[in-house]
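In this document, chain identifiers A, B, C, D and E correspond to the written order of the chains, with residue numbering beginning at 1 in each.
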Amino acid sequence: MNFFQTHRLVKAFGGLLAVNDLTFEVEKGEIYGLIGPNGSGKTTVFNLITGYYPITSGYIEFQGKRLNGLPTWRVCKQGIGRTFQIVKPLRRMTVLENVMTSAFNRTSREAEAREKALEVLDFCELTKKQDYPAKGLTIGDRKRMEIARALATAPELLLLDETMAGLTPQEQADGVQLIRKVRNSGITIIIVEHIMHVIMNLCDRILCINYGQEIARGTPAEVANNQAVIEAYLGKE
Amino acid sequence: QETVKVGIILPVTGEKAKFGEIEKKSFEMALEEINAAGGINGKKLEFLLEDDTGRPDVARSAAEKLITKDKVVMLGGGYGSSETFAIAGVAQQSRIPFLVNTGSDDKITEKKWEYIFRLNPPVSEYPKGLESFLTEVVKPKTAVILYENTNFGSSGSKEFKATCERLGIKVLMMEGYEHGGVDFKPLLIKVKQANPDLVYMISYLMDASLLMRQSLELRVTPKLFVGGAAGFTLPEFQKNAGKASDMVYSATLWYQTLPYPGAKKYFDDFKKKFGVDTEYHGAEAYAAAFVIADALKRTKSMGPEDVRQALAATDMMTVFGPVKFIAYDTMTNQNKLPTYLVQWIDGKLELVWPKDVASKPYVYPIDWEKVWK
Amino acid sequence: MLRMENVNAGYGDVQVLWDVSFEVKAREFVVLVGANGAGKSTIMKTISSLLHPTSGTIWFEDQRLDHVQPYHIIDVGIAHVPEARQLFPEMTVLENLEMGSLCARAKPHRKESIEWVLDLFPRLRERRKQLAGTLSGGEQQMCAIARGLMSKPKMLLFDEPSLGLSPLLTQEIFRLASKIHGEGMTILMVEQNVKQTLAICDRAYVLENGRIALEGKGRELLENEEVKQAFLGI
Amino acid sequence: MKSIRWSTLVILLLLAVFPLVIQSDYYRHILIIALMWVVIGSSWNLLSGYTGQVSFGHAIFFGIGAYTAGLCTTQLDISAWYGMLLGGPVALLIGLVIGWICFRLRGPYFALATIAVGEIFRLVATEWVDFTEGMQGILIIQTFRSKIPYYYLALGLAAACIYSIHTVMNSKWGYYFLAIREDQDAAEALGISSFRYKSLSLMISAFFTGLAGAFYMNYMAFIDPQVVFSLHFISIMAILVGIIGGVGTLWGPPTGAFIMVLLQETFRSAFFGMLPKWVSEAHVLVFGLLVIFVIRYMANGIVGDWGKIRQVFSGRKASPSAGSGN
Amino acid sequence: MEVLIQTLVAGILMGGIYALVGLGMTLIMGVMKIVNLAHGQLMMIAMYITFVLFDHFHIDPYFSLLVSMPALFLLGAFIQKYLLNPLLKVDSILPENQVLMTVGIGMILTEIVRFIFQSDYKSVKTSYSFSTMYLGTISFNTSMVVAFCIAVLLTGGLFFFLAKTDVGKSVRATAQNKDAALLMGVNAEWITILTYGLGAALVAAAGTLLLPIYYLFPDVGGRFTLKAFVITILGGMGSTVGAIVGGVFLGIAESLGATYISMALSDAVGLVIFLLVLIFLPGGLKKLTKI
């Protein structure tokens, strides 16, 4: 039994097959990269896993349980956290309140939630900003907060959708550190990212898709040298 | 100068303000006359007018205020039945006399509330005047009843249905509608299909005229159309319905040519003073003002109990007819008055029944094709 | 061509730009780099008058821009491809493109322009009838750039055009930028892809906390130790 | 989210001694009505201000509560006071059903759906004559002649309502409600069943509004469908109370309730007869102007923008406010 | 059979009036996303303008379209510029603030009219007020037929405007993303003013055309606001063709309801359909017709 797997996953929007017969599995503890050209269906895969869209056919299994048809919030309760490509802060709540809200996923006591939130904020180096209203954060901090919020739900699998886009190279390096730290704490990660050095640095295995279909998979080095990937995605440098 | 304060509660804003206006003007007109004639034994009479905006809860607030803050000696007004109820509840509880002049739900005087008096007949009696006309002249076999589903409309329609059953008239259809509709045709199609001898409608002003206009369009032709007072007696009805208003009958409580002292004068004075016509609601209000003044002149003191006794002892003539509060049927403190039948003839409202007070002979049978040409 | 002189600007009580002065000459390709929140986008917004400076002046050719209405900017000849795409989500790709050519200068050439940009971005041709809101992130970025080009501008403002694009597309967009530049377009670009942009631009400015900290030729800055440390993470 | 402070106790104390000091039944009556609106406004605020589901149909719950009480008398022949026990739960159950229907919708669509449901309830209550007496309404006899019992009942109800909302908003539920208001998609991703928590919010809100309705029946002793199911006089008034006081704040709706009820009465009575009559006739106009003024210049209501208001009076420059006050 | 046909005819003709009411709303609510609770009150103002023109200057209601529509355009533009636009600039907790603003506007319009004209019912009676055409035994009210035709014309015009003209596209663009529209050279503020003005002018047409067959008083607006919502949701937000289809659909449904269920519940029939569409057919009939 795999920790997480999809089997012949299909998602159709009208006539468009955004995800087309996609099968992959993720081992516990690894960082799994999902790459592909724009519009190839990566975000859609995340939306299928988290139940935002109904699955057209195929299934998704997490720790031996089918996720098909589960509403988003139940998927989260199962232990899957996510970030959004377009960040969704709870704007008028402070950073701490944002993170506390997700900490309530595992407890109903306010004090406990606060403690957990503070811990996560410390982990993500956001403690200094805990009382800022979320709407006043810079992009970098918002993305950090997205991660913190996803972490506070105490997930076993974390889905990161372009958390590095729009960050400076320095900030990206910090981000890579943070993600490593998360993995080292025992959380499995699926990451979608267009910034190659991040992907190459972090991932144990990579799946590259195009038009919703697999075009290559393997270790970073294998994928980077795959001709199909270079043609469709990486380009020659 | 010391004044005698009486609270008057009427809707002068909101959807019912149209009639509230007429009543308010009539009260004011009466007040001027009363004070010009010496007021209440030398003291000036003062009407404190409160707006109930057509809502029972506001009516209640208004009543509370008049009683506890302004310390009025009694209350008058009461237009919509719901508002009247709310006011009556407060008045009865605070033991302050309240003279109702329009609220017509039968229940208002059926509660044995000794502080509540009513000048106007209850809605069940509106078609009394029609009854003899039907038995003596028309002798219809079938009827359709249409009513707006307000308090006034639904209780009126029930009473008329009972009347029909008593007279052996078969009620083919009885249907309510939400007032303010644009298109009554679906309803009238059914009426046409039923083809009754009599169509009885309890409607306010504009529904009344639309009902008639659309009957004309659809060529709904019973032996006669009768309105249950309210909308059908107003000048606006004729203005809006035009030729569709012709030959339509209506029950009414009052008409200016009735042989009551001052009736015609009130009608003319009102028109002169305000430039618009008045009708039975105005007459009710005008008469109520004089009943109030009369009672206050006779009372031993301005204490509520004395005022109540004075009111109960009322026996006088007004422009609205004789006023005397008696108990009959299930009602107490109720004034008993005859009602009449009017008909729109050549664009004018004429009193046609009972015959002895008629201003013009009734037109029956009616050839609708000719009328609606 | 574009000159900013001692501009101060901000949002409400929060000042973001402090005494910023720089210029972009005709046919030049200038890049602005800086950390998140340094004020790069704010500079772009100030140029296109979405934001009015509290003090200072902005010149474009012979016109002052610092207090004109934002909808005049496109008439002047500046096309702003904003951060985060800002498409019209419930209009089709084609309609979005048409919106780009409302100004008098571009309107007569609408048909040719559409063909031209659809050739530049074949992906958009495939999706031309799709509602822009349902495009993928990268497709949206292409659409936004294409829309900017539709107005036949004299100068293009690009705010992080490579954000969220695949490496291939990123390269393509930079190539495209170079190409348009080569054809005589003046470009001011904000980018986080510091290495690649500095390599292709004429000049660059480094922005720190709302102040211009460094200025220089692209290649020179690439060698600069401070820049290396701050941006390249080396 | 601060805990209840001593100022709250002072207000409570002042309200508690008010009817003992002021003998006029008229003023007591106005305060009773204001307290009832505190309950309705606060309940509306829980669902709309805190949870972000703007309801244009709170008359439903008010009407249900009122009719539950009234029908106790007309149908079951028991005292309408049983309505105080039944009104809340019945409204809550109806709320559950309505939520099940309407919570599929978001934003303005939800608002429109609640308008429609509200109107349907009004029409049904009007038409179902055998059960509700239709437009004849329900008339009962008031139990007490004195206002005092009603006053303390209303005060107790208002206090219980505010306290409950305060407690809820400081618990997990409160965080969840706010999260749903801010971004429903994000909330779902954080493990929050937006449907479940929106329903909870609606149930609490409906419960208290239903109680207020039952109280109204007992106090006013007369109801009819046009009044208790009124879009304008209940549903929209509830929104006005919330918005003018300040949505998403604990003390906003109570403030709004007092302001609205007092202003309405003051204008209706032309400043208690001190001003000419036309003032009274213009009271709806003045109301409309007030609404426009508040929304235009105090978008977050009197309590929500209190800082701004204070600064205007002390002549200092306003600074952007941060976060949702509480 | 005759009953059914006459019912359908009544419903379709009523649908024409409804379409006119809904057309303005589809622009204001469907395109601009402003939930306009003052819609009926704007219509009421137009009716009073028509009434005054008829009563004092003896101008035929159909001609007074030329006055009432521009007048309401100006009123709508004023409301948008000075009352609604400023709201966009403040960050309030509920986006529904704007809805409340329109409630306030509606109250004020009603009360001002009441101040001037009192609460009296007014109506205009023209030579064709009673004109009816007969096809066999089925009657067609002439004024309603005319209104229906004008509704079709205006729908066509609006459809063309929104879909094919640059200004029309700018209207849609502004509603979807104001900043981006500005960058495209669209004077967004002016466009919002224009749109609300147009919406008001369209509902003015509805009011003016309704007057010969109806009547007016200051509170006449409210019920039409509700109808406008139903139609807009039914037809699909922002869909011009949807407005006319939705209008006719509602007209027929209400007529059938009135004939075969009960006149008193005909409003409820409309509301129930409204709810069903909201829940089971989000996007309205637009989703089926694709326009």
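The working rule: contacts are C-beta pairs under 8 Å (C-beta built on N, C-alpha and C of every residue); 3 or more make two chains touch, one makes a residue touch a chain.
If you want to know which protein each chain is, UniProt gives these names: A, C = ABC transporter related; D, E = Inner-membrane translocator.
These figures come from a predicted structure and were not determined experimentally.
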{"item": "Subunit A to subunit E, fewest steps along touching chains", "value": "2"}
{"item": "Chain whose mean Cα position lies farthest from subunit E", "value": "A"}
{"item": "Interface with more contacting C-beta pairs, comparing A-D to D-E", "value": "D-E"}
{"item": "Interchain centroid distance [CA atoms averaged], subunit B/subunit C, Å", "value": "75"}
{"item": "Distance between the centres, which are taken as Cα means, of subunit E and subunit B, whole angstrom", "value": "36"}
{"item": "Subunit C-subunit E separation of Cα centroids, rounded to whole Å", "value": "42"}
{"item": "Subunit A residues counted as touching two or more neighbouring chains", "value": "92"}
{"item": "Subunit C, residues touching no fewer than two other chains", "value": "none"}
{"item": "For subunit D, residues that touch 2 or more chains besides their own", "value": "123, 126-127, 281, 284, 324"}
{"item": "Contact footprint of subunit C on subunit E as seen in their complex", "value": "166, 169-170, 172-173, 176-177, 179-188, 238"}
{"item": "Interfacial residue positions of subunit A with respect to subunit C in the complex", "value": "13, 35-40, 43, 85-86, 138-141, 162, 165-173, 194, 196, 232-235, 237"}
{"item": "Subunit B - residues contacting subunit E, complex", "value": "13-15, 17-18, 20-21, 149, 175-178, 180-187, 189-190, 193, 205-206, 209-210, 213, 216-219, 236, 239-240, 242-244"}
{"item": "Contacting residues of subunit A [partner subunit D, same complex]", "value": "50, 52, 71-74, 76-77, 81-82, 84, 88-94, 97, 100-102, 104-105, 108-110, 113, 133, 136, 149-150, 153"}
{"item": "Subunit B - residues contacting subunit D, complex", "value": "12-13, 48-51, 53, 55-58, 60-62, 64-65, 67-70, 82, 85-86, 89, 93-94, 105, 107, 149-151, 153-155, 176, 178"}
